[in-house]
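Labels A, B and C are assigned to the chains in the order they are written; within every chain, residues are numbered from 1.
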Amino acid sequence: MTASPQGRPGHGLTVALFATCINDTMFPGTPRATVEVLERLGCTVVFPREQTCCGQIFTNTGYFDEAVPSVRTYVKAFGGYDYIVGPSGSCVGAVRDQHPILAQRSGDAGLQREVAQVAPRTLDVSEFIVDVLGVTDVGAYFPHRVTYHPTCHSLRVVKVGDRPYTLLSKVRGLELVELPDARQCCGFGGTFSLKNADVSVAMAADKARNVASTGAEYLVAGDNSCLMNIGGVLSRQNAAVKPIHLIEILAHTEGN
Amino acid sequence: MTTERLTPAPPPGELIDSPRFPVAARRELGNAQQRRNLHHATRTIRDKRAQAVGEMDNWQELRAAGGAIKSRVLRHLPEYLEQLEASLTRNGATVHWAGDAAEANRIVIDLVQQTGSTEVVKVKSMATQEIELNEALEESGIAAWETDLAELIVQLGHDRPSHILVPAIHRNRSEVRDIFLAEMGNYGTPPPPGLDDDPVNLADAARGHLREKFLRARVAVSGANFAIADTGSLVVVESEGNGRMCLTLPETLISVVGIEKVLPSFEDLEVFMQLLPRSSTAERMNPYTSIWSGASEGDGPQNVHVVLIDNGRTKALADPQGRTALRCIRCSACLNICPVFEKVGGHAYGSVYPGPIGAILNPQIRGTDSAVDRSLPFASTLCGACTEVCPVMIPIADLLVHMRSKVVDAKKAENTGVHLPHAEPAMMKAGAWVMADHRRLEAAQLATKTSGKVLGHFTDHIGALPWPLSKWANARDTANPPTQTFRDWWKANRAQEEQK
Amino acid sequence: MSAKSEIMQRIRTALEDVPDIPAVDDVPVPWEFGRAVDLSAAGEILDVFVERVEDYHATVVRCPAADLPVAIADGLRATGATSAVVPEGLNPDWLSAADGVRFTVETMPHLSPHELNRIDAVVTASAVGVAETGTIVLDHSADQGRRALTLVPDRHIVVIGADQVVSGVPEAVALLRPAVEAGRPLTWISGPSATSDIELSRVEGVHGPRHLYVILVQERP
């Protein structure tokens, strides 16, 4: 990477950070790492304070009308930005896939127009780095053995593809080991983990077993909710492997 | 008064009265043998399917074509059904119409009784499972013999099917041997003495047991995978040859077919005969496919009947989003890939249509009145693996969410005035109020931060929690909530810069 | 109201949102029918056919037309058949080399299922072969006979000409339409009968013929 600010790939780009409510409240280190990496790449990062939640907790539980206020808040917070970037495949996916449906259900033509503008500009941080900035090496250093779990919504809603693998492969010192049955769901599923707790735990146990079998020190993913689920089981089993969000690895540099 | 049954009795009770999915799932999770069987079977078929599909470089185009053909049929069903009826009639078949299960069963019973036969051989058929034809026949003194190997295992085992394609997927080889040894002899040719659990020998025992039934059968009952409107043909896709036996040897053939099974043209088969085998049994082609157009002179049954059934399908058809579920060609790829199905098997779904497709089909066809149908759309993590494999591009994950909203709307409608049987709507409404304004979210975050600070004095993680969070915490630790939210950090570290 | 008109009424009500335009205009199908399948990556079409039929654990032999009677005799011997039924329309010359096999040419009245069950094998021609899927289709014309003939006996010796083998399912479906329009049934056969019903592992040999012996003739026999 070049040292001069003008030469950095994000120079001149303003990025609105979509922290997501769960990261904001429970995992503040993840949006902080997102800020760190994007600024390192030359972007100007702003945090629209009006943001709250993507609404998927309501939508995915069948409460469409209750999700509509979240959609309104979202377009109000992020309208006018060219790049809205979040460290969560699930929340970004909800914005892109569900907001148009919810806006339609609301019957509010103005909201539909705003969503049509804002939703497609919402990107997962791995998409933004690889596709918009054209960067695969973010200058990270993380001398550890890690394994990557492609979370379902990153994989099948946002369709991040191999971007996270590409980014991890360029991290100095990092050893990436394959996770058996990687594409299998961890069993979180939002309210599924409460409504169908027994099945959820059985699924999480499988995932935790596969993670432990890799001998990795860290389990990496692009969604903290899934990491919380798998990590919770790993911790209960006193397994040594630690959950970490992809962007937090990318934020690590030599000497920090 | 008890009368002796002709065929093995299924378990007592009605499927629609099954417990809610979470309750049934817990029961099924407790069956360790079944879990091992399901784990093994779903892994085997997933890998094979991936290979069979991977061979096709135009798979996505095929899926799009299959989805479009089915969508065309569903949106213009009246004209294709009229055409189908006319073609079948021209070919010498008699077409009957049945609005519901009772009507369909009555028609079939009358037709069998007209032949004077007191037994029928059956080709595996989801439609006849759905209308519970076997029990209706039994009550009328007609024995219905299932001839598909897995259906035979289920029938002899006094059991229920747990999978669309492989109804005995929950059984392993030694369980099958035990069932054959215990029951086969009670209903016909017994298994060879000293039968072991080698699947080859188990299949051979089924061949021996069923052959006498095939050779003497005068009436057969089948379903159909496809009903072709322009040529008036029915199609049965199978593996074992039991279908061919039933479709060929008896004098009378009665096929019970859902109204959504129509394909416009014979040409359309080129799409579906590429999609179905690779998606279901994960083969390039299934061993046998039979196609017949009414009665064929000098070949096979001369007394040919087709019973077209609605049985709730028009309810699904009435929902422009929900109707895409009627594209289903019953391949089972969504069951096999589903991580929830893999854990609990088909019995937890309280329907002959289990798995993801069942979770969107049953609440539409049967409605959302029963406890089990209300719980089915929630029997998924929304991981989307089903959507990815569906050969006719049914957006299953989206429909699961759609059906959840239907269940919620039904619950809200029941919360009238002071009568509030459901608590969740109020909780969700409160949540929505918080998320509608960032200042309310920030106020709520205070509670989390405070608990993080308090807990931090005692422990670095949370173990047990009160209900309903106990459901989460019974098996998982949770890190203490942080003492500073991201927005606090931003305010302290970046907000001033923004002002500049 | 009849059940039919009641169902039709329900359907029409359910589809009120669908515009009243021709089905083909309402939902276009993005597919071109009847195309050949490109098998160039897999090999020469007949080789692919043979390999994929064999994949199902059927036996395939290739021979010039002149050797067909010997190939049929070999097939009957290899499968252990001492009796065979043949459809009336089968070329009798094909059976000329099979000494020691008792042939029954089926005429009217037809054999009963029990009589068929006592015969070891059946010898027939076929209508179409599909290379990509290793499928043989019978359209039950005179040299293939009615469906029961190729079902009840445990061994099926089936003859197919090289020029009857097409690349894939689309070409086959196009070729088979006239037989369907003539009212004849079709039987698509891909290997011997099989099941995956026990633990999803494939086992060959259930109710249909357990031995499928395919003779691929260089020219149309």
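Note that a residue touches a chain if its C-beta (ideal position, glycine included) is under 8 Å from a C-beta of that chain, and two chains touch if they have at least 3 such contacts.
Note that the structure is a prediction, hence the values are computed from the model and not measured.
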item: Chain contact graph, described as a line, ring, star, complete graph or other shape; value: line
item: Two chains sharing the most C-beta contacts; value: B-C
item: CA centroid of subunit A to CA centroid of subunit C, Å; value: 53
item: For subunit A paired with subunit B, centre-to-centre distance based on mean C-alpha positions, whole Å; value: 33
item: Centroid spacing, where centroids are CA-atom means, of subunit B and subunit C in whole angstrom; value: 30
item: Interface hub residues of subunit C, defined as touching at least two other chains; value: none
item: In the complex with subunit B, residue positions of subunit C that touch it; value: 2-4, 6-8, 10-15, 17-18, 23-24, 26-31, 33-34, 52, 55-56, 108, 110, 113-114, 117, 130, 132-135, 140, 146-148, 151-152, 168-170, 172-174, 176-177, 180-181, 183-201, 203, 205-209
item: Touching residues on subunit A, where the partner in the complex is subunit B; value: 19, 21, 23-29, 31-32, 35, 45-47, 49-53, 55, 57-64, 66-67, 69-70, 72-73, 77, 97-98, 152-153, 155-157, 183-185, 187-205, 228-229, 231-233, 235-236
item: Subunit B - residues contacting subunit C, complex; value: 37, 40-41, 44-45, 61-62, 64-65, 68-69, 71-72, 75-81, 91, 96-99, 103, 147-150, 153, 166, 168-169, 171-173, 176, 199-200, 202-204, 206-207, 210-211, 214-216, 231, 233, 239-242, 244-245, 247-249, 259, 264, 266-267, 269-271, 273-274, 277, 281, 283-294, 296-300, 308, 310, 314-315, 317-318, 320, 323
item: Contact set on subunit B toward subunit A in their complex; value: 21-22, 25-26, 29, 339-340, 343-344, 377-385, 387-388, 397-398, 401, 403-409, 424-425, 428-429, 431-438, 441, 445, 448, 461, 468-469, 471-472, 474-479, 481-482, 484-490, 494, 498
